[in-house]
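Chain IDs A, B, C and D follow the sequence of writing; residue 1 opens each chain.
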Amino acid sequence: MDGVYYEKGWLGVVFTLMVAGFILLNIYRARKTSGKLFIRRIPGLNAIDDSIGRATEMGKPVLMVPGIGTLNAISVQALQIFAYVTKTAAKFANPIRLCCLDPAVYTVAQEIIRDVYQTEGVPENYDPDSVRFISDRQFAFAAGVSGIILRERTAAAFLMGEFFAESLILAETLNSIGAIQVACSTEITQTPFFVAACDYVLIGDEFYAASAYLSRQPVLVGSLVGQDWSKLAIAATILLGALVNSADGLKRVPDEAKPGETRVLKADEKMITNLFSPKKPEWKPAGGTQ
Amino acid sequence: MANDKTIWEKLQAIDRRVLYTLLMVIATVSLFFKVNVPTKPGQPTKDLYRLLVDADALPEGSTVILQSDWTQSTRGESAGQMEALLRILMRRNIKFALLSVADPQAPLVARNVIRAINLERKAKNQREYQVWEDYVNLGYFPNAEGTSNAIAANFKTAVAGRKETPPGSTTPLDVFQSPVLAKVSKVEDVPVYINVTGSKTSNILIERLGGRVPFAALVTGVMGPETLNYYQSGQVKGVAIGLNGVAEMESLMEKGLEESGKPPVQSFAGETNYGRGMAYYLALHTCLVLMIVAVVVGNVAMVAARKKK
Amino acid sequence: MQSESYPIIKLFVGVACTVGLYSVLYRESKFYRFFEHMFLGLAAGWAMFALWGETLKSTWWDRMVGSVADEGNPAVPGYWAWAFLLPIGVMAYFVVSKKHNWISRIPIGIILGLWSGQQVQVWFTRYGPQMQSSMKPLFPTTWSEFITPLQPEAGAVYPAQVIGNLVFLLTLLSAMSYFLFSFETKSKLFNGMTTWGRWLLMIGFGAIFGSTVMTRFTLMIDRMYFVFIEFFQQGLIPLIGGR
Amino acid sequence: MIPWLAQAPAEPALNMWNAPAGTPEIWIKVGIAMLAGFGLLAALIAAPTRLRRPISAAFIFVAGLFWVLVFLFPKPIDSQTPHDQRPSGFVQNVSFWLADAIPVVSNFSNILTAFILGLGVFSLMRIHLMRVAKKQTDWPFSIVLLVSMVAMATFGYWDWKTRLDLGGAKVDEAWPLAAYGKDLLFDGMLQVMEAAMFSLIAFFILSAAYRAFRIRSVEATILLCAALIAMLNLMGAVVVTWDGMIESFGKDNAFLMNFTLSSVAGFIRDNLQTPGIRAIDFGIGLGALAMGLRLWLSLERVGGN
């Protein structure tokens, strides 16, 4: 478009649209088949009911922490899972503690949890203090939650969402009182600590698969299938690109510097480079005006 | 024999508190020994040092954007990194525009480090760094994603309205009138964009800046692996990771950098190069040894106990 | 001017707080509880201040009402449209109402909407380069030496590197295969791959764990430095005339 | 296009969207806008139930649409082009307008979150005031919490105000009571407590490793070995010794050089850890994107019912 605009590289746009397409298409498919698409078993999730059951036996509360991220899909995803947990807890009239760091997340959590108690037909069991805003500062939050854990002796805990350094503080504190923990962090750097300290760990986007697996909602199931298609697409692209790169690596072109000799391709002469990181064109405002 | 069976079992289940006490004591004791532990700088640190000290990569007197995103809570690693970085920049008369997106306190903390390094220079009667002339403090910008987006899209409007008071004057002026930012209107105008961070702001920056400007990061050990991921893909030009990174930087500053196939990079021998990094490095070693020993003991005990059964 | 004795008082208070929180390592006690609640209180108090002093004033109010000219700085007009954000923010408070709590979904929705839109915008910026850098060459360009020499020829790919690249690619693919949820297969190869994928992930986790230990220990060392060097050695001992 | 939220403060030309500061005009305009906003709120309260979902869906969609447009719409190469030199035409105008709007829109989320913060603080106060009132367990600690909260907020504003009035430099010289209070409470206590809490992880990491790193299963063993190598590679002294030993066998032997601790750790990092992380990252990215799409198009319901 008249030299005024970035050649953003059509690939990025096309690829993103393709992924979005995959997801939406499969959501449509799933809706038609009303969610009868296969999802493999996710071990960590089968533990949810058991741990709640145990908490009920001991008459101790269930702790839930939706990470310390701001309000975004990750914390919402966590809250969706917690809605399921709460549903089970509500059946057994088991006390819950949901501790939030972000006020917006806290707002959503309140609404979701109240909804759950209403749909379970026990609105009177909903205790507004069970959903708590602890603090909006990471380590004050960690201190506060540790305090709750140690004082109320929570028997089961669900740590899911964006966790950072505090992950191990919570996990080890829970471990020291022998609580069952189901944990998952979208922060890859924290997963190892959950793996080391928790009983059940969801790795990476098993977290996103969770609510589809639990609720079997067509929309979620479909989008999960769409994500799988996209993963395959990514894998295929990488394989293909690797082959193209290898081919380009073998190519030799006449060397401008030394006549008669040949040289390997420069980075910016390779097809992949031009596809993925196209050069930004030069443009002077004066020249560009029409 | 009945009783060494119990020993093995005891060693399998040492009480947490015993381990905690050991760790605390060992760390403290090591702090009282001043030893320059030898280091072998890794490629990411070497690249960072080259990027900062090599005159072609970063000419004397040019301006860099320095985004400082750490506070007290990561002082252990970030402070050492910041000190080493500032020592280099000041010795090479590099101007810098300071900003923070992670925490409102970050600018204050950064200013304290600048003050400390200035005192150090004063003691050696070297020129102190002047606000407005040599650096400006753009202050804190809430919302890391948004700010990084804005900075990438249009640096001038992103930081528009930020003021700084020139020395001797009492009226704060727009930072873009200062010698530091006089020639800068977009990120492409600076040779290097540096981020000292205790959180993941470096990732956010990388995503938003999209390779418009050479990007250097000084990150905590936690962020190391993720940042190396970007280093692999060339989105980050040089990285110093955690205390190790500091210690390596400090020894590079002392010894300079010789790499095969590349021009050598000067050292700052004779200056104060060994700082916080080396002060903590020995303690790090002893603590790691304790950890390894603990793990080994646990396993040996487990195996031995099994044998007994 | 700051009083002489203030720094050491400040240090002392800091040390007291540190000890208070550390006491939880032994066990949760009234001592810890005191400092925990103080901590939470201070944090909340600061939040109440930062709310206006560090966010709304600069990012909202000043833009809404503008600023008048003072020496060296031109006047900036106010843009009244910012005013709409206040009622929208207030809508969140309807969450406490039994009847109209749905209204709180509007500010929430806006925040989520903005986030969601951004995902579309940044997705390829983040993952494109990662895909690109995963496309490592799989054929050697030279057989002059098998192992990469210490002074490699520019742009050349040695067989040893190719092996490394293959390991890279296989790790990536098998790890990705572990995260396929919607495929039911009896194929030995695929299932083997997923198992391998999980093990290879564990290597990554182990390495992360190892490198993270550094930060954690360093911060603890730094606290010890704060308590024993900055407070005791440099603060207290000179004060009580020790040297 | 119209800079209705000061997208381009470069040219503060007055128009219907703004008004000079400190004049009655701006106050009137702001006032009207507020009234309109609360009018909308009132309208929402009156809105019939069946309209609720569509309304909130519409808000989400419009909010998300902005960034999607930024992504899909052609982008000006140099968004800093002075306005008089900008190419005319609808597409160009829109694209420049979008580019200018980014810094503005970027602030919305955290302004809104700031407004909402009140809810959190309110709930905190409610819980603890109740405790004190009902003399529930630990009520004295609730008093500690409330007192320190009030103290910090007060000194925070007081110090901030004095700095606004006198100017920061003066305050740093004079050190009035406000400065002492804020410095002690914030720097001296809050920040130190955060650092202390953060450093507790060192202890937990030790106990966790001691407990978890046992050669029980294949996975645990792999975890253990990888972690050990990484930790050894963190110790400069160990690296130097080990690598020195290797080099003593033959400094220019390319094959041996692959066994230096740094190369081994490097190989694990580059060829095993990096792709591992990347694989997880692709998945998480896709998950976030998918969730984003579902929320943006209101395909997924936020909430239980």
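One rule holds for everything that comes next: a residue touches a chain if its C-beta (ideal position, glycine included) is under 8 Å from a C-beta of that chain, and two chains touch if they have at least 3 such contacts.
Because the structure is a prediction, the values reported are computed rather than measured.
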- [ ] Select the chain whose centre, defined as the mean of its C-alpha atoms, is least distant from the mean of all protein C-alpha atoms.
- [x] C
- [ ] Between A-B and A-D, flag the pair that has more C-beta pairs in contact.
- [x] A-D
Task: Most remote chain, CA-based centroid, reference being chain A - done: B
Task: Centre-of-Cα separation between chain B and chain A, whole angstrom - done: 28
- [ ] Report, in whole Å, the distance between the mean C-alpha point of chain B and the mean C-alpha point of chain C.
- [x] 15
TODO: Just give me the whole-number Å value for how far the CA centre of chain B lies from that of chain D.
DONE: 20
- [ ] Specify, in ascending order, the residues of chain D that touch 2 or more different other chains.
- [x] 9, 71, 78, 105, 107, 109-110, 112-113, 116-121, 124, 186-187, 190, 192-195, 197-203, 205, 207, 209, 211, 213, 223-224, 228, 231, 234, 269-270, 273-274, 277-283, 288-289, 291-293, 295, 302
- [ ] Provide the list of chain A residues touching at least two other chains, using ranges where the numbers run on.
- [x] 13, 16, 19-20, 70-73, 76, 104, 107-108, 111, 134-140, 143, 165, 188-189, 191-193, 195-196, 203-205, 209, 224, 227, 231, 234, 277
- [ ] Scan chain B for residues touching two or more other chains and write them down.
- [x] 16, 20, 23-24, 73-76, 142, 145, 161, 211, 221-222, 225-226, 229, 232, 244, 284, 287-288, 291
- [ ] Under the touch definition given earlier, write down the residues of chain B that touch chain D in their complex.
- [x] 14, 16, 19-20, 23-24, 37-40, 42-43, 71-76, 105, 142-143, 145-147, 149-150, 153-154, 156-158, 160-161, 165, 170, 185-186, 221, 225-226, 228-229, 232, 244, 247-248, 281, 284-285, 287-292, 294-295, 298-299, 302-303
TODO: Enumerate the contact residues on chain B facing chain C in the complex.
DONE: 16-17, 20, 23-24, 27-28, 30-31, 73-77, 79, 104, 140, 142, 145, 161, 163, 171-174, 177, 207-208, 210-211, 220-222, 224-225, 229-230, 232-235, 241-244, 260-261, 279-280, 283-284, 287-288, 291
Task: Contact footprint of chain C on chain A as seen in their complex - done: 11-13, 15-16, 19-20, 37-40, 42, 70-73, 76, 104, 107-108, 110-111, 114, 134-137, 140, 143-144, 146-147, 150-151, 188-189, 191-193, 195-196, 203-206, 209, 212-213, 224-225, 227-228, 231-232, 234-235, 237-239, 241-247, 249-250, 263-265, 272-273, 276-277
Open item on the list: Quick check on the complex: what are the chain D residues that touch chain A?
Closed with: 71-72, 74-78, 81-82, 85-89, 91-92, 95, 109, 112-113, 116-121, 123-124, 127, 190, 193-194, 197-198, 200-201, 204-205, 207-209, 211-213, 223, 277, 279-284, 286-295, 299-300, 302-305
TODO: Under the touch definition given earlier, write down the residues of chain C that touch chain A in their complex.
DONE: 21, 24, 28, 32-33, 36, 39-40, 42-44, 46-47, 92, 95-96, 101, 104-105, 107-108, 111-112, 115-116, 119-120, 123-125, 127-129, 131-132, 134-139, 141, 155-157, 165, 169, 172-173, 176, 179-184, 201-202, 205-206, 208-209, 212
